[in-house]
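Lettered A, B, C, D, E and F in written order, each chain numbered from 1.
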Amino acid sequence: MFEPLLWIIRRDLTIAMRRRSDIFTTLIFFVIVVSLFPLGIGPELETLRLIAPGIVWVGALLASMLALEQIFSADHRDGTLEQMLLTPQPVSILVIGKVLAHWLVTGLPLVVMAPLLGLQYDLSAAGLGALMVSLLLGTPALSLIGAIGAALTLGLRSGGVLLALLVLPLYIPVLIFGAGAVEATVSGLGGASHLSMLAAILVASLVLAPLATSAALRVAED
Amino acid sequence: MFEPLLWIIRRDLTIAMRRRSDIFTTLIFFVIVVSLFPLGIGPELETLRLIAPGIVWVGALLASMLALEQIFSADHRDGTLEQMLLTPQPVSILVIGKVLAHWLVTGLPLVVMAPLLGLQYDLSAAGLGALMVSLLLGTPALSLIGAIGAALTLGLRSGGVLLALLVLPLYIPVLIFGAGAVEATVSGLGGASHLSMLAAILVASLVLAPLATSAALRVAED
Amino acid sequence: MTDAAEPALQIDRLACVRGDCELFRELSFAIGDGELLHLKGHNGSGKTTLLRALAGLLLPESGEIRWHGQNIRSLREEYSRHLLYLGHLNGIKGDLTAVENLRIGAVLDGFDLDDKRAWQVLGDIGLRGREDLPTKHLSQGQKRRVALARLLVNSARVWILDEPFTALDVAAVQLLQDVIHAHVDGGGIAIVTTHQEVAMIGEHTRTIVLGAGHV
Amino acid sequence: MTDAAEPALQIDRLACVRGDCELFRELSFAIGDGELLHLKGHNGSGKTTLLRALAGLLLPESGEIRWHGQNIRSLREEYSRHLLYLGHLNGIKGDLTAVENLRIGAVLDGFDLDDKRAWQVLGDIGLRGREDLPTKHLSQGQKRRVALARLLVNSARVWILDEPFTALDVAAVQLLQDVIHAHVDGGGIAIVTTHQEVAMIGEHTRTIVLGAGHV
Amino acid sequence: MAEFFDMGGYALYVWGSFGATALCMIAEPLLLRGRSQQIRRRIARMVRLEQEVKHEGQA
Amino acid sequence: MASRLVNWFKFSSPATFYPLARKIAVVSTIIAVVLIAIGLYMSFFVAPTDYKQGEGYRIIFVHVPASWMSMFIYVVMAGWAALGLIFNTRLSAMMAQSLAPTGAMFAFLSLWTGSFWGKPMWGTWWVWDARITSELILLFLYLGYMALRSAIDDPRRGDRASAILLLVGVVNIPIIYYSVQWWNTLHQGSTIKFNEESSMDDTMLITMLIMTFGFWAYSIAVSMVRVRAVILERERSSSWVREQLGAET
């Protein structure tokens, strides 16, 4: 059970390494979106500090969502996805592998980059730490949940916007606890309870999302 | 020269009417994204009022950008785009027609919807007015500029994120003056100067963007 | 315009490259009014590429295509006015009806086509009763017929047809052949590719084989 | 497992619908060990659809497919273990080399394939010297060979091959035929479609024609 | 009567709510009726066309 | 037992359900009209004026039934979706499909009437209250379901994909609800809360229940008419539809 998982991850990471530009596009999108807000809102640091957790989190959420559009589509087009559905391995295992690889490639860079963006918004050191931890717990959950949407919209015409429509409402709990953790930390209340909720969501989606995703993939290959 | 323009618009509007769901998807994406921020930032109306112009504008910008992904792709796939390049009409005219139709279908609903979202953020009546006017001037400019990016990424694999990367930097002036107009109005300074800058940008992009777009389309059909 | 003795369309040392591979080079020939050019070659030999270059859709690697002595890149819309190109794709919108497709095509091609004439032409080409269905509900061959209906209403001088016979049944193939021959006999130019065994031989038919290393 | 006299794969009153149109209905047949089934039918008659249903990729409108008496929907991965499906798509990643593709396929199919054996098999199938190029740089026929290399390393009982001969040259077609016959002679099951004129006739070949209204 | 419609000063809000609700719950069945009639007409036309084709084939 | 099962599956065939749906639609239309008429009468002429909110509170008689219906319909749709996935019956997906627009409409009405209530009570059209926010998200879930359905051309694929979406959504609703509530309470000390203790007058409660049942009957009626349209459209090439239409026209 673990060997196929590791091989899938290895496979997807190898492919990602051979076409590196895809990784950077997501990261740069994140940076641009987050940097857009000060332009729209104005440069007052007090305001920015107030809204920083929300903005960074929404930015990460949008970036992760846009990157997800691609998670299954290449495999769908070249027929490797249908082969995966036909292996004796449980499809959910393969889904977990693919999502994990995808997160390593697109989610982890966001986590690493976020503190830098937090500095732009004058977040305190404690806030930056909470931001990183909350993203570290939250973005994998986003990837897992988003994979369901990606599988449901696989091969459809209006893919991008439709994916957003399906997935964003489901992202809301992650957003609330993620941004909440940072805010609670900044305001001195301590973000531990938020973070444990995030961890709970992560575990729950790790269990449930692959099932839904593999069902959706079977439908898409029908 | 005007007859083909009108026919292109009529054509695209007819098609949009026959598949109505595409229109709503963009609009709903806009509503969702704008509604995400309070969830990340917190429900205090004073903060929200402060950041409302920026948030609504960034939301409109992202929605318009995602919708643009589709502007040429259907025509590219079914071969009508190459036919358009082969008509005796100047391609820029056809581009203007298509962008205008696209804006009527995806941009105008955003303009109409924006005041409702402004209400959620407790904007004043004057602010709502300025928001509508600035979007009315700004979103066509966004569509015109974004069409260049859509033409450049036509038929490419990682279309969505790449388009974002190309187009977002070009959107920044529109965002600054658009959100600025609303803020200036709300704070009692009057948004007229911002709005006239927006109008200037609109006129400039009306002249230049179709040329760039048609050049890009020729390359895409090569 | 220019000297009448000069052939209308001249291809001068044309070379085209797709991806890594050079499809043809130093290709030169000319076509005059009233001529039909039958382009042959195996799959992937570059027929579509050449036709797209002739239509001005594709920029050749080197060489020139001249319409009455002038490079088509500088003529642009002036050249398109005389051109009708039908590629592998039908170029019709699935959400519009056959009549709407035909009329919009006509307007963009710069002439007017009233509703009655559109219905009539579509009836002639074998779509009676389906003129106002969205074309996405038509079968493959019927869609192809909608695209071909343009040939009956257009007054372009140069027809560039890439595999026009695909998906057509016997009756439609016959009809299309007649239309092409009538066009050529009327002084028009037609450039056609097809893998099917179709009698393209008329009085003024010439054949060019691509990919065999010679013209 | 169950009664040996019972055929391994039973198709019971199967019906499939694509879009609006019913491709076949009340289709029943059975295939036992050591049999080769040649599926025929014109374009769009539903061959691919049937094969995908047999592979468990497609949910039929009604009817059952049974493997040793049990519905394949309830067996799932248990059935996939005995299955090798090769569709219109090659199912190989263009960014990975042939060796990587083959080895990953093997791991997912549940057995181990060392590097040496992978190189050897790819050499056997005519890819010597191209084993570690990213497959996107291979020609169409070479890509198909990479996909077919799976047949040489797999121990699946049921082979479902959708147009396996496309893009292959004469030598490769011969090789593939031999491989299929060896598989069938060894007690395996093979279900094959092809439009090409290929000698699929062996001792235990059966033919089913779709779209002609009968089985 | 006027007093009733005034709703103790809350006329806009009360009638705005009840009005919108009434509007939606009346419009929905009407739109639905239009749609099902359209579907009926389209299918009827399809059937007619197919029969025509059949007749032509026989003739 | 077995025979009863067979009986149920008989009605899961669109052809047998089509005429039955008409009967149900007629009966529930009558019930809906009667109940809503009584409910309206009671909400304006029987229910007493609220001592705190004056006449404005009468909005509750549409606001609360609409809110309840919007939530209830989503759960019913998810139930149909689960049935469809398990038993592979086409009719279940059609039922879910024909409930969706009505559910979305009630979600919208809940927000609309709530706003028209919030303005006089709180002085603002909108607050980011937990309950209101989760109703908004519910509306998004409805719209997502409908958008996914209409984006998929193959109806059978659409059935299954949207069923999965519904089930994922229904698992998420409690999570969303509690997360929003928590988000709100942690941030907000002083914003207005629903005054839940205000003891509800019996007539008010009864009126609200009557309106709710009226809306309920309305939903059944509308969805039955819509399911008939959906059945016709999806089964248009089958012989029974052709006979049916031939008989009607």
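By definition in this document, contacts are C-beta pairs under 8 Å (C-beta built on N, C-alpha and C of every residue); 3 or more make two chains touch, one makes a residue touch a chain.
Computed from a predicted model, the values in this text were never measured in an experiment.
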Completion exercise
Hopping only between chains that touch, the fewest steps from subunit B to subunit E number 2
Exercise for the section: Walk from subunit E over to subunit F along touching chains and report the minimum step count. Expected result: 1
Exercise for the section: Please indicate which chain is farthest from subunit F, where distance is taken between mean Cα coordinates of the chains. Expected result: C
Exercise for the section: Taking CA centroids for every chain, report which one is farthest away from subunit B. Expected result: D
Completion exercise
Per the C-alpha centroid definition, the whole-Å distance linking subunit D and subunit E comes out as 51
Practice task
Can you check how far apart subunit C and subunit E are, centre to centre, with Cα atoms defining each centre and the answer in Å?
Solution key: 47
Fill in the blank from the handout: The distance between the C-alpha centres of subunit A and subunit D, rounded to whole Å, is 37
Fill in the blank from the handout: Cα centroid separation, subunit B vs subunit F, in Å, comes to 34
Practice task
Please set out, as single numbers or ranges, the residues of subunit A touching at least two other chains.
Solution key: 74, 157-158, 162, 165, 168-169, 172, 176, 183, 222
Practice task
Could you check subunit E for residues that touch two or more other chains and list them?
Solution key: none
Completion exercise
Going by residue number, subunit C touches two or more other chains at none
Handout entry: Residues on subunit F engaged by subunit D in the complex (per definition of touch)
Key = 88, 153-154, 156, 160, 236-237
Completion exercise
Touching subunit F in the complex, subunit B uses residues 19, 21, 24-25, 28, 31-32, 35, 38-39, 42-45, 48, 119-120, 122
Handout entry: subunit F partner contacts - residues on subunit D that touch it in the complex
Key = 17-22, 59, 61
Problem - Complex interface listing, subunit F residues touching subunit B - result: 124-129, 133, 136, 140, 143-144, 146-147, 150-151, 180, 183-184, 187-188, 191
Completion exercise
Contacts from subunit E onto subunit F in the complex sit at residues 4, 7-10, 12-14, 16-18, 20-21, 24-25, 28-29, 32-33, 35-36, 39-40, 43-44, 46-47
